[in-house]
Each structure stands twice: as C-alpha cells, then as structure tokens.
Amino acid sequence: MTVRVGVIGTGMIGQDHIRRITHVVSGGAVTAVTDVDAARAQSAAAALTGVTVHPSGRDLIADPGVDAVLVTSWAQTHAEHVLTAIDAGKPVFCEKPLATTHADGEAIMKAEVAAGRRLVQVGFMRRYDAGYRAMKAAVDDGAIGTPLLMHCAHRNASVPPYGFTTESIISDSAIHEIDLVRWLFGEEIVSAAILKPRRSSKGSDSLHDPLIVLLETASGILVDVEVFVNATYGYDIRGEVVGEHGTVALGDHGGAVVSSIGRRSWPVPEDWRERFGRAFDAEFQDWLSALAAGAPRGPSSWDGVAATAVAEACLAALRTGERTAVALPDRPEFYGPHP
Amino acid sequence: MTVRVGVIGTGMIGQDHIRRITHVVSGGAVTAVTDVDAARAQSAAAALTGVTVHPSGRDLIADPGVDAVLVTSWAQTHAEHVLTAIDAGKPVFCEKPLATTHADGEAIMKAEVAAGRRLVQVGFMRRYDAGYRAMKAAVDDGAIGTPLLMHCAHRNASVPPYGFTTESIISDSAIHEIDLVRWLFGEEIVSAAILKPRRSSKGSDSLHDPLIVLLETASGILVDVEVFVNATYGYDIRGEVVGEHGTVALGDHGGAVVSSIGRRSWPVPEDWRERFGRAFDAEFQDWLSALAAGAPRGPSSWDGVAATAVAEACLAALRTGERTAVALPDRPEFYGPHP
Amino acid sequence: MTVRVGVIGTGMIGQDHIRRITHVVSGGAVTAVTDVDAARAQSAAAALTGVTVHPSGRDLIADPGVDAVLVTSWAQTHAEHVLTAIDAGKPVFCEKPLATTHADGEAIMKAEVAAGRRLVQVGFMRRYDAGYRAMKAAVDDGAIGTPLLMHCAHRNASVPPYGFTTESIISDSAIHEIDLVRWLFGEEIVSAAILKPRRSSKGSDSLHDPLIVLLETASGILVDVEVFVNATYGYDIRGEVVGEHGTVALGDHGGAVVSSIGRRSWPVPEDWRERFGRAFDAEFQDWLSALAAGAPRGPSSWDGVAATAVAEACLAALRTGERTAVALPDRPEFYGPHP
Amino acid sequence: MTVRVGVIGTGMIGQDHIRRITHVVSGGAVTAVTDVDAARAQSAAAALTGVTVHPSGRDLIADPGVDAVLVTSWAQTHAEHVLTAIDAGKPVFCEKPLATTHADGEAIMKAEVAAGRRLVQVGFMRRYDAGYRAMKAAVDDGAIGTPLLMHCAHRNASVPPYGFTTESIISDSAIHEIDLVRWLFGEEIVSAAILKPRRSSKGSDSLHDPLIVLLETASGILVDVEVFVNATYGYDIRGEVVGEHGTVALGDHGGAVVSSIGRRSWPVPEDWRERFGRAFDAEFQDWLSALAAGAPRGPSSWDGVAATAVAEACLAALRTGERTAVALPDRPEFYGPHP
C-alpha cells in the first residue's frame, strides 16, 4: 500500500521531506502540495509527476487523493492545519512546534482524543537516531544502573545573524534535548533553569550564546545541556547518561580516520542534515509503515505539548534568572502512562 | 516511476532483498518471484500483495509485469539467468558470483556488449558503505598522497562447520576485498599469494583459518588481507590505506560507548547484516534510481569477471604456495577505462 | 646535588612519596621521618638506610641533615609544620590543604613574603599531568579561541563508607578541579553554586552523591564539575574546554584495546594512583630539580589559599542552595599577576 | 645505593641516557665518560660534577669509580667494550646491536656463561613500553586465546637522506619488532620473508621504502610488519595480535583531543623520543634497580644474538626474494627456557 501524502509548506524542510518520501523511503508518494508562496508550490510539484497544487492547506486536506498530511509550514500555522486534518480524520505529521500557544496544544489533544485514535505525530527525529537508540537500550536494559544525571552538548557551526534570538536557542535548539530527555528516561521534566557562560563574540550582539540549560526530571535526574549555536567548528551533538554503576555516551560517528601531518583526525558533521539525515529517513519510514499498519506510533500530541511547556519554563528562567517549575497541562489518559 | 522487480531465488538473501525493495527503499516493487523450491516461492509471495509466482526463471523474466530481474539463486545458476535477462533486454542485478566459469563470464560480457547498453549490475555492496566511500574520497582527493599499500582484516564470528572450505575463505569472503581494492584504486590486481598463519582450532578440521591474502595491483600497491572466518568475537571489518604522506583507515562504527566495571567499550557488529545493512540499502536505492534514469551504474559484468579471475589466482596460489599472476580476459572497451 | 628530604607523616601518602623520592625520581633522598605514630615512622625508616626518626615535626625541621620538608601529616597540622619550615628557611612541600583556617593561610603567606623568597609548594599534582598540560597548551596557543566554558567529570570508584561526607566531595575531590580551573585559565574563580542530581544509593545514607559544582571565573567562564565519588565502575577523570572556535578535551588514556565477545574495550583506571601516578612523579621531579636550582616553581601558598577560599564558597553554597561569591583575601604582590 | 655508571660514547643517544640517569631516574650517577671524540666527552663531562673523562673504553671500565658500564658508542665497537666489561666482572648495558658478527655474539655469550652470572643487558626499550606491556598481559592471561598472527606498523616521519639504506630498514627499524615478537610470544622466530610494496618517492633513490617484513615463529604465528621510514606524517607505531577468540591492539596515545574546523583530532608523536621516552626511562630505572638488587633482568645477550640472527635472515630474504630460515646458534642453557 502506498500512502498518498499532501505537503503543506514547500520551503527547505518541506522540499527535503518530499525528496525523502519520493526517493529514499518506501511506501509513500507525494500527491499534493500547497504553500503560501504559490510559485514555490508549483515549482515543488513540477519536479514530480501526478502532484496537485492546492490554494490552501484546507483544500489540500480535503483532497480525496490525500491519505495523510505533512505540515512543514510556518510555525504559527501548524495548529490550524493539524486541527483541520484531525477533523478530516486524516493522519498528520507536524514538524515542531506542534502549537505555539497552550490553547492550541490543548485543542489538538482534545480533538484527537475525541477522534478516538492516534492521528498526530510530531517531528522529533532524534528518537530515530541509531546512537540515541543504543543509548536508550543501555539505559533500559540496566547496563548502567539507575540513571542519575546526564550531560549534553548541542553545537551548531552557526545560525543566521538575524532572526535567531537568545530565545531561539531554547525553542529551536534545546527543544530537541527536551524531547529526548523525556523519551530517554520515560518521565516528565519538572523544572528548568538557565546558566549564562561567557558570551561568544561570534554571533549577533543581542545573542547570548552559549547557554547552559538545566532540566530536572520527576525522579530527580539532572540534565545539563550546553547549547552553543555559533560553535564555528561544526555540528556536534554529544550526550552521556551517568547511572549508579556506569555511563553510556553517544559514540563519535567516525567515518574515515585520516593520519596526516602530525595528527590523527576524523570529520565532525557540518550540519544537522549530515548528522541526522538517517534519523529523518528512519522517522519517515516508520511513519509511513505505521500508517500502512493503521496509526502512527512516534512522538504524540502529548509529547509536543509537554515539550512546549518545558520550553516555556526555560524561557521564563531565562527572563528571571530563576529555577522555574514546568506548568504541565493535565495529561489525557488517552496518551498512556509514559512520555 | 516504480521499477517492477522479479526475484529469482527466495532464500535468505532473496527474502532480505524483497524486504528491502518493499519496505525500505524507494522506487521499486516486487511483482514476481520464483524458486527451485516452489513452496518457498509461494511463501515469499504470500507475505506481499500482487506478486506472481513463476515456475522458472525463464518464465519470470518473460513476464511483461517484470521490468528488472534480481538473481539471488544458487551460484551455479547465476549465469544462465543473467544471460536470459540480457536476451530479454531487461536489467538484471546479480549477487556474486556473476559466473562460475570463464566461458560464462565472457558470454555475459559478449551478450551485454552486443545489447549495446549496460544491463548487468553485480552485488558488491561494500562500494556503497559510507566508511569505504569516505576512504575512497580521501584517496582520490590526495589527502594521503600516492597510495603505496593497504592493510585489511575481514573477520567473521563464525561460519557453518560444514560446507565452508578453505577455498570458500577466498571465494566467499576475500572476494569482497578483491572488488574493493580494484574500485578503491581504480586499477587491476595483477598477482596474488596466500600465507598461512597458525591455524585456529575453532573451525572444522579441514579448514585452514585464518589466511593472509596478498594482492598486488598494476602500479605495485601491495594489499594484505587477513581473512579469519571463525574469529569468534564478532564481525570485524578493517582497512587502512597507506600513502606517501598519510594514511586513511575505516573508523570504528561506534554506536553508544558504555563505561562499566573497569572498562570503556562499544559494540563490534554481530554479522554482515548489521555491519553492511545500510550499504545494501544504498546499493538497492542506487540500482532502482539508476534504472528509473535509464541504466545501472554500479559494479559491472567486467567487475564480476575480473574479481573472479583474481579469486582464481588466489585459489591457485593456495594450492601451489606460489605467488600467482592473475589471468585477466581481454577487457571490452565497452566497460570504459577503469575498474 | 641531592636534596635531603625530611618527611612529616608516614601514612599511605607519605610512604608513597618516600618510595617516589627513593626509587623513582632523581635528585632527592629521604634522610629523616616522623609521625604521630612512632612505630609507623620507625617502620618507614627501617625500609631505607641512613634515615633518622624524629619525635616531632619541629625536631625534624631543625635537623641539619634535612634540606627540605615534605608535609603529609593530618590536615589540621599542615599549617603549623609549614610555618615552622618557613621560620627555619627550609623549602616545604605541603599536600593539600595548605591550611584549614583563613588565619593560618594568611599567616603562611605573610611569613613567606617576610622570608622574601618562595619556600612553599602545594600538592596539586594535576598541573603535572600530560593530558592537562596538553589541554592548557591548546588553550594558551589559541587553538580553540577564547575559552567560554568547561565541562568536567571527577568520578571515583568508591569512597570509604564512614568519614567521607557530602562536604568531603568538595574539600577532598572537587578541590582538584578548583585548582585546575584557576591554573588552566590563569584567572580567579569568583562564585560557586552546587546542584544536586538524583542521589546514588551506593554510598552511605548521609552522603549526597553525585553533586554538580558550578564555578564561574573572573572573565565569566562557566565550569560545571560532576563529582561522583561512588561511581563504581572506575576512576574516571574527564574535561573539555569549549572555546569560541573549537574545543579541547582530555584524551582517553587508552592502554591496549581488546576486542572480545562482541565488544571493543579499553581499561578505565582503578584509582587515582593509576591515573595520576606519572603526574605525581613529574611533580616531585620538578620540585627536586627546582630546589636544586634554587626555589620551587609549582603551586604556591597563594594557590593553596585561593583554592581553600573557593572550596569554602562551595560549602556555603551547599548549605544554602544559593550561588555564593568567593571571598578571596588580598593577594600579596609577591605571588605575581596570575594564579 | 647509587650505581656509578661509566658511559662509553657521548653522542646523541649517550647524552640522552646521561640526562636520564642524572635528572630523571633514581639510583644512578654518571661518574665517568669517554668518546672517540675527546672534545665531545669533555663537553659531556663539563655539564655534570665529579665525572672523570677517560681516553678509552678500556680505561673507563677499569676505573674503580665505575660500577656499571653503558655502551652507546659506534655499533662496530660494541662487542669489544662488552667483552672487556664482562672480563672486569662489571654489568654492562649495550645499545643495539650487541654485536655485528656471529663470532662476536657467541664470544659474548661464552664469556658471560663463563662468568656464571648475568652481566649484560641489551637496549630493547619497547619491552618497557606501557602499551606493549598491556598487550603482553592480555596475551599471557588468555584474554584473546591462543595467538595466531600479528599485524605491526613501524613508521618514521623521515630518515636522513644519506647513510640510511634499504638494509637499515631491517637492522635499525624492524629489529625492534623482531625483539618484540620474541618477547611477546615467548618463542623464537624461525623464518623471514620480505615483500616490496610500491616505493615511496620521498626517500633517496636507492631506498626501497616501505617494506613488509614477514616473520614466522616456532609455533606458526605469522607476523607482518610494515616498515615505512619516510612516512612523513609522524612517528606511528601500531600493533594488533589476533588470537583464537579476540584481539589486542596498541591504544592510541591520545593526549588532548581538539575539535576544530570540521575535524576532531589528536597528535601523532613526532619521533621515537616522544613516543618511547617513558619506555627509556622505565628501562633505565629497571636496570639500575636490578643492579642494586644484584643483576640485570632485561633483554639478555641471547636476546641480542637471536635478534641479530633474525635480522640476517631478513637481509638474506631481501637479497634473494625468498623466504629464509633463521640460523640460530645453539642456545646456552644459562639463558633459560624462553626468549
């Protein structure tokens, strides 16, 4: 069975996922696109065959030739498209964030619960990374004992000089570790704090980069996340969980090791596409295979809502300088016992 | 465009590739199968939808619902199926070996040249491994200078106690390094020799395991390959090219690094499926994408014939204890200037 | 020239240094010992030749056959012996802590300044570790740009169940990172805070282990130190400095890499003796060579006093839960411009 | 007890060992020197105190202020000095080679046997390297099962353009692996062969560099040694022993790991002084400590003679292109059962 996917938003990410569904993974085909920039939608469609260009997300979702919806539009429009898809009873994959307000997040959960079945999947691709999966396996199988704390580093070579604010360090970057921590330990994050190391001179003047984000889980696991978005030298993602009798760390990806002029070295990825390309592939393969089997099984609406609540606590902590409790909404039983 | 693939031979490898085409990569669908064991063919078909079961390879190849043929049957039958596919003008992917006799190899090349276009691809998947591709990039871009020699190790945890002979160490295992060396350096192998280290007691009594295979290329690059098929501890593939001013080595795959009870460690793969699974995926994705674009671009009939000729020199060296020149057939211009 | 060393305190550390001076490094000889446990002093002397056993530190220091004094006695007695040695105009090496009260620390500095020449060296051996020296070289030569933050982990396999308190995690363990940070960045630490991750069940009930110690330097470099004294799996010391355009991390010590039963691994040291044995050797070689050349050049009285002041800020932060400013005494010009 | 050492030959190596005995290790003092270049001997003595300059090795050995002799003179004179020292009943440490002719080697063993006690130690410092010792421990304790084969690489950044011949690759470089293999496996090498990879253009025209040296031990362990003396990029020593159920490899020395401009890297040593400096220190510490306890326990005259015999087989194999049996002299029982 081929899942016919309609794509709302044909910017860079949308185009990358269209390529992925068309040329990389199995079981899906893009049959409809739309974008606020109609020319961009036309251009995305022109590269494929048999793709309808729609004037709006609403029209695309209503298209009987669309089995499932992919939302890669501007963040402020995510909730509206997701709600429309739920109303139409169609599965919808939404890139982060699921919603930008509490009201929207709760509305999505309410609608999905009312629909009585999982329809929404949120785009937290790290859960599909082989390294993190091996790490979770080591945590789950007791190889390191009860987890006590975790160290993370999230470094981008650079971010655009305009538009990327200190807040974006939380909402665009640290959001990935926020979801990861919930998933890795199977419990919620209850508080957040922010530390400000010496500022790098590399970014824009208004940017405080790097930051240390501190997250505490319900059982007391303390996670420190260095987020450094103008690290210059590459895209470098690290993590180590420390347990009662051992630790597990992400391995280095490696690639080929070159010995030359006095040094032995291997490459650090250039960007997230290089580092997480295979995770994105696995994420979409899983989504399409799960749809073929009935319903999505990846990160849920609850995961999207919870991650946003933690990010908001981080933003409050950034403003106040204080450790801030996470204000989680009530969790619908529908979403089961674990993050 | 979906390439409709007919599969000849539904044993373990055939089934794995059926899964790959159906559930992992994009652009292909299995529409027909056949096997000497009809029940096994039926069972493979039953797991899918819309698949015709044929009584013979000949019938399958003739099926108008088959665009391209995958040969994963018993080695002795490969040449016959490949020749039939060429006659039918259909692209054919053949697992190694392409042929088991000189006559068959030459017949295949002759038929393909007569057809006037590339139809055949041989299953040397290591060319699609990310580690080897990074190694080749380092060799090609001059990062290590003119290559002078190469060290390889090819270790299997174990092989079946019956049926796997000392000759199989060459034809089933070292054959991969043989192709790799030709591809990596873009030149032919001109001689081979075999050294016998102390014998492991782990395999059957008639097996001399491990062996050291020595290969020399046209420009004098010397390659030593340790092949150890009952290495017990895991499936471990290593390689380092030494050039005039540097070296490049396969990185360790890594995965998660665990610190526990006095040691820091990471996993060695269990078997070739784990180590080269992604290379197989990339190989089939490339084959299907290339077919959609017109013709295969992976390892050619010539590559299959040349690898077999080198393996035969190795087998002669194993029998005689002497360094043996490779007897390459004439290379049709059709196959271009490089291996 | 052989430096004749008198050793005050012949417990475990004292005996190890006696062995080092006698059998490992060049240029020194132990000629006198004393200990509150006279039998222990006798026993230490009996293993050597030509060693006088003194009834007290005061007598030992007065011995004309003693050129330099090594203080490895109980912490509460350090200051008294150091002051006596200064009065006698004899160089003195004092294991940490230099003093346990502000008054004592200031008295030592005052006495040394009055003496008009460096006499005191404090036992911060990490400054002599090859890994840390390579790290400092990378920081100093600009390889990573301006340093912004640092991550450290300090893990012991275990500590004794009695006598080692949560406060000891600061004063006995983190004290090493405190000195290291001052030395590495050439600036003082201005504030400290403590975070409490989930508690390990491995230690005594009254122990809160692990802790995260946060240190901020004068220029704003933020250092997080995980101190975990019952980490079980080994003695594991890590560090990574993050700069504006790169990072430098301690390498893994390595030793031999074993591939066995599905894993590739190398040893984590058992304890600090294994990990820092060569650093201790280098420290004593440097001390003896420097004395032969005139005066010690290792960590000074000021370094001892400043480290204690930071440790006190950490202990206050542990009690109050608040970020605490370090109350540094005035720095005598005598000790130069840098930590 | 301080061992008073007389040094014959104050060239680069001699001076380095004088520094080591004087400033690095414990228990020795240089009290006499001599050199064919009298001015050089004077200059070496002038840097120390209480050192007698002798006109000849014979005079130095006769000096009652000399307890033990260190021979670091020109290779052709080694045997003469060693024999004189044995005659004088004084322990003698001789840098490789112990002798340059069979007759000399046998004469030394005969004299030592006649003396009835170990007097001679040969300078194979790799036996004192921490990495190799960890490797030997893994071999000896069964961690990898019965050893079957070994891979080595011995790379120098460069050698002088004049004076270093293809034969020197054997006698000056591979000689270290020859001794190492005998020691590591506790058995003799029975045959040798040489393979010639493509020649590097970096060295002199008459040099065939790199070579592959193949060594076979009595039990059939096969060792391949890449010796590459103009490898350009650094001094790189590797080794991996492959056993029946695992392997053990030299770790990478590590030092600090720098992440910068797209790569993660660590240093390769510049030369053997950097790589094996600590092994030399440990070698001399062991020699001096052993002498203080009675007699040397490091590599013996037999080890020197046996290594030379293997090197000669290698040189014959280089000339003839044939695998060559090692012609070992009879082993005196005096030297015990193992290499």
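A, B, C and D are the chain letters, set down in written order, and residue numbers restart from 1 in every chain.
Just so it is clear, contacts are C-beta pairs under 8 Å (C-beta built on N, C-alpha and C of every residue); 3 or more make two chains touch, one makes a residue touch a chain.
Quick caveat: nothing in here was measured; it's all calculated off a predicted structure.
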Maximum centroid distance from chain C, chain identifier (CA atoms): B
Winner on C-beta contact pairs when A-D is weighed against A-C: A-C
Between chain C and chain D, centroid-to-centroid distance (C-alpha), Å: 37
Distance between the centres, which are taken as Cα means, of chain C and chain A, whole angstrom: 44
Between chain D and chain A, distance of the C-alpha-averaged centres to the nearest whole Å: 58
Multi-partner residues of chain D (at least 2 other chains): 232-233, 236, 245-247, 252, 259-261, 266-267
Chain B contact footprint on chain D (complex, rising order): 145-149, 151, 153, 195-202, 210, 212, 214, 219-222, 224, 226, 228, 231-233, 236, 242, 244-247
Parts of chain D lying in touch with chain C, wherever the complex brings them together: 21-27, 130-131, 134-135, 137-138, 143-144, 245-261, 266-267, 278, 285, 289
Residues of chain C touching chain B in the complex: 232-234, 236, 252, 259-268, 270
